[in-house]
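The structures considered in this document are given below.
Both of the next two complexes hold subunit A, though its partner changes from subunit B to subunit C.
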Partner chain A sequence: MEEDEFIGEKTFQRYCAEFIKHSQQIGDSWEWRPSKDCSDGYMCKIHFQIKNGSVMSHLGASTHGQTCLPMEEAFELPLDDCEVIETAAASEVIKYEYHVLYSCSYQVPVLYFRASFLDGRPLTLKDIWEGVHECYKTRLLQGPWDTITQQEHPILGQPFFVLHPCKTNEFMTPVLKNSQKINKNVNYITSWLSIVGPVVGLNLPLSYAKATSQDERNVN
Partner chain B sequence: MAEESQSVLQLPPSSAAGGEGLTDVSPETTTPEPPSSAAVSPGTEEPAGDTKKKIDILLKAVGDTPIMKTKKWAVERTRTIQGLIDFIKKFLKLVASEQLFIYVNQSFAPSPDQEVGTLYECFGSDGKLVLHYCKSQAWG
Partner chain C sequence: MTDDKDVLRDVWFGRIPTCFTLCQDEITEREAEPYYLLLPRVSYLTLVTDKVKKHFQKVMRQEDISEIWFEYEGTPLKWHYPIGLLFDLLASSSALPWNITVHFKSFPEKDLLHCPSKDAIEAHFMSCMKEADALKHKSQVINEMQKKDHKQLWMGLQNDRFDQFWAINRKLMDYPAEENGFRYIPFRIYQTTTERPFIQKLFRPVAADGQLHTLGDLLKEVCPSAIDPEDGEKKNQVMIHGIEPMLETPLQWLSEHLSYPDNFLHISIIPQPTD
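Here is the complex of A and B:
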């Protein structure tokens, strides 16, 4: 049995910093938010989606690695002038938030997420689940995680849905061990998020995979 | 595949999901009886190239995942990752409670609806795309 791979909090923050650096390069809008005393923090991403299923602009979720304009810019336009809003008049816009925090007890990253309508009404887990693509539903039902639970966000103190981290090591360890065999520098956060993200509607552009290789050549 | 319609997403134990594991959920995926699907064919008789419909994929096992006897496959460019996952699961005769992940660059899992042709353009070298695959248990 392989020894489990854990990461310490400093390592977590370092991986997040590298991840965000690439995010900024491709306009994927991930941010680091420090806690009030700045001793720790988390990564955060917000994107907007129309509830009828078609995606107006999928921040960072384009599977072809295209860079999209941040949705916030579109929403700054007056409604009358916005063609996109016109076609979406009968639908509702949903704001998705994804937070990546560090779990001291499990020593792995944890994905917190929530969704709400623009007027602040939160979506239930059932609503979110219905917005997940069919093939991801299969993965969610079969993947190596057993529950999505609702918990209080450790830093914000607000209710979020959480993909439980207890199995994270089990699916991360084989991949990391395999990469280490050839001395490949793997960004744990990138790898982990590429696996768990699609389960909750979050897709990473392919360029993140290439960023890891580039970092190898620019060793800090 | 029956959709779960619970208000709280308590995922069913793996035994409950057992019967539905191999349902074809991707519209692009035919349900191949391995390895006779025309979209995925073994061998190296088709040279890979920019104008060819199929690309060469080399599949490598990670961890204690079973190794496929045939590792090199010619795959249509439009085949999605999810389609490839379904194919490998059937080929390896994985049970429904086991999930399979595919990685490029040994560490990054592309989205299930990503086309292999695109992955080949980004990560292919020496005329082939190397993909690692890893089995995971679903625990109840």
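Here is the complex of A and C:
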């Protein structure tokens, strides 16, 4: 039944709860934010990245591990270990905010994000594009509805950048079908975020994938 | 006797008399006269204000001009909301004309989306239409259309061509003969009293027993605070296109006849005026 490609809102919230549970275990800073009337909410993560002098640390898949560090760690490392400390004036630090919301129209999760300097100046769409890895740019530019646009956050009412959700099912269906075939439980949010996140600088440690199968083993 | 089709024309051709005044903080080389314009309720501010922009830019220096934005009584106006929605929500209880202030500097980054070009408006408009069809028809109707049909919808709106627009849009208002309506109704409910910009939920036009859901049914389910107590005073107005439809109106009918060109019902809940 085609309904399997889509997830209902309650299912979305359950997957988010599991995701956040693992996030807490590994010190990744995802949290759930309920809306004011508490009828719904979203997952949120904030991380800071230091602009490396005049060259932006590349967002997207990094072959050398994480290019971004939790704020506290970045300033505690000895100078040799952190190539960017010499240019770490406040204006060079960028705050990235990622929100995972549920779209009832498309019945899929949607990734909203925004970035600003510490003084509040927002990054422009041009700045954001400059940070997208080359390998993702071509794919994103292929269709008007596969791209990054500025939109109003449906719960906060503020401008955010969004990866358009209408093609989500195209790439999620094979993932879900395959997991059914090998009889493995998959956290939809983990799979989805591992696909869309890297495009906009959000990487997931591998332990998230192992977490789901771990839970499955514990249950059995 | 008014035909249902006449309602479509009345909605499309609705206008709001507006007076645009340049913000006093803007630097001008000579005095800027206010500019009067009838705004189409169903369109978008940045799509219909080229003349306003030109008028004020004539008295300003190029270096003092950056992205235009509009404000009403201190509230930045979201260009991506239809004009009629903005008016009903923010100014319908005030006397006409609608007094809008024009700005060319200090763009409020935290409140407004940028509108870099007409293409941005088209992208936004088509995105809304696509979302509405996802709700009504699981995107089947809009995805079956050719690119030229999508273009025709946009050109119809941009050039104020009712027939051109509806030649295509009528396909989006169809539904299978065996059903009694759309799968879900595309709607958004706006109130200025909440932080949340709007309420949007899945809601079917037909109940399990086959009865058509009404506007009142929708409000009771997704926004119960909007419904006034039966014996109490009327606290709120439920407004679409400047009118208050009866709460007994079937939602399916409202969706087919009172939607905006983006195929959404944009509903304002505003306090009952006390005059």
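Everything that follows uses one rule, which is that the second predicted complex is superposed on the first by the 162 of 220 C-alpha atoms of A that agree within 3 Å, B and C clash if a C-alpha of one lies under 4 Å from a C-alpha of the other, contacts with A are read in each partner's own complex, and residues count from 1 in each chain.
What we mean here is this: a residue touches a chain if its C-beta (ideal position, glycine included) is under 8 Å from a C-beta of that chain, and two chains touch if they have at least 3 such contacts.
Bear in mind the structure is a predicted one, so any value in this text is a computation, not a measurement.
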Which superposed partner A:24 touches (first subunit B, second subunit C, both, neither): neither
Touched partner set for A:37, first subunit B, second subunit C, both or neither: second
Subunit B versus subunit C as contact partner of A:208, first or second or both or neither: first
Touched partner set for A:159, first subunit B, second subunit C, both or neither: second
Per-residue touch tally on subunit A - higher for subunit B or for subunit C: B
Contacts of A:167 with subunit B and subunit C, given as first, second, both or neither: first
Contacts of A:122 with subunit B and subunit C, given as first, second, both or neither: second
Which of subunit B and subunit C A:151 touches, first, second, both or neither: second
Contacts of A:198 with subunit B and subunit C, given as first, second, both or neither: first
Shared subunit A surface residues [contacts with subunit B and with subunit C]: 124-125, 144-145
Subunit B-touching residues of subunit A, taken from the complex the two chains share: 2, 63-65, 124-126, 129, 133-148, 167, 170-171, 173-179, 182, 184, 186-187, 190-191, 194-195, 198, 203-204, 206, 208-210, 212-213
List of subunit A residues in touch with subunit C within their complex: 35-37, 104-106, 122, 124-125, 144-145, 149-159, 164, 166
List of subunit B residues in touch with subunit A within their complex: 1, 3-14, 17, 20-21, 23, 25-26, 62-65, 82, 96-99, 101, 103-114, 118-119, 122-123, 132, 134, 136-140
Residues on subunit C engaged by subunit A in the complex (per definition of touch): 78, 80, 109-114, 123-124, 126-127, 130-131, 134-135, 139, 186, 194-198, 200-202
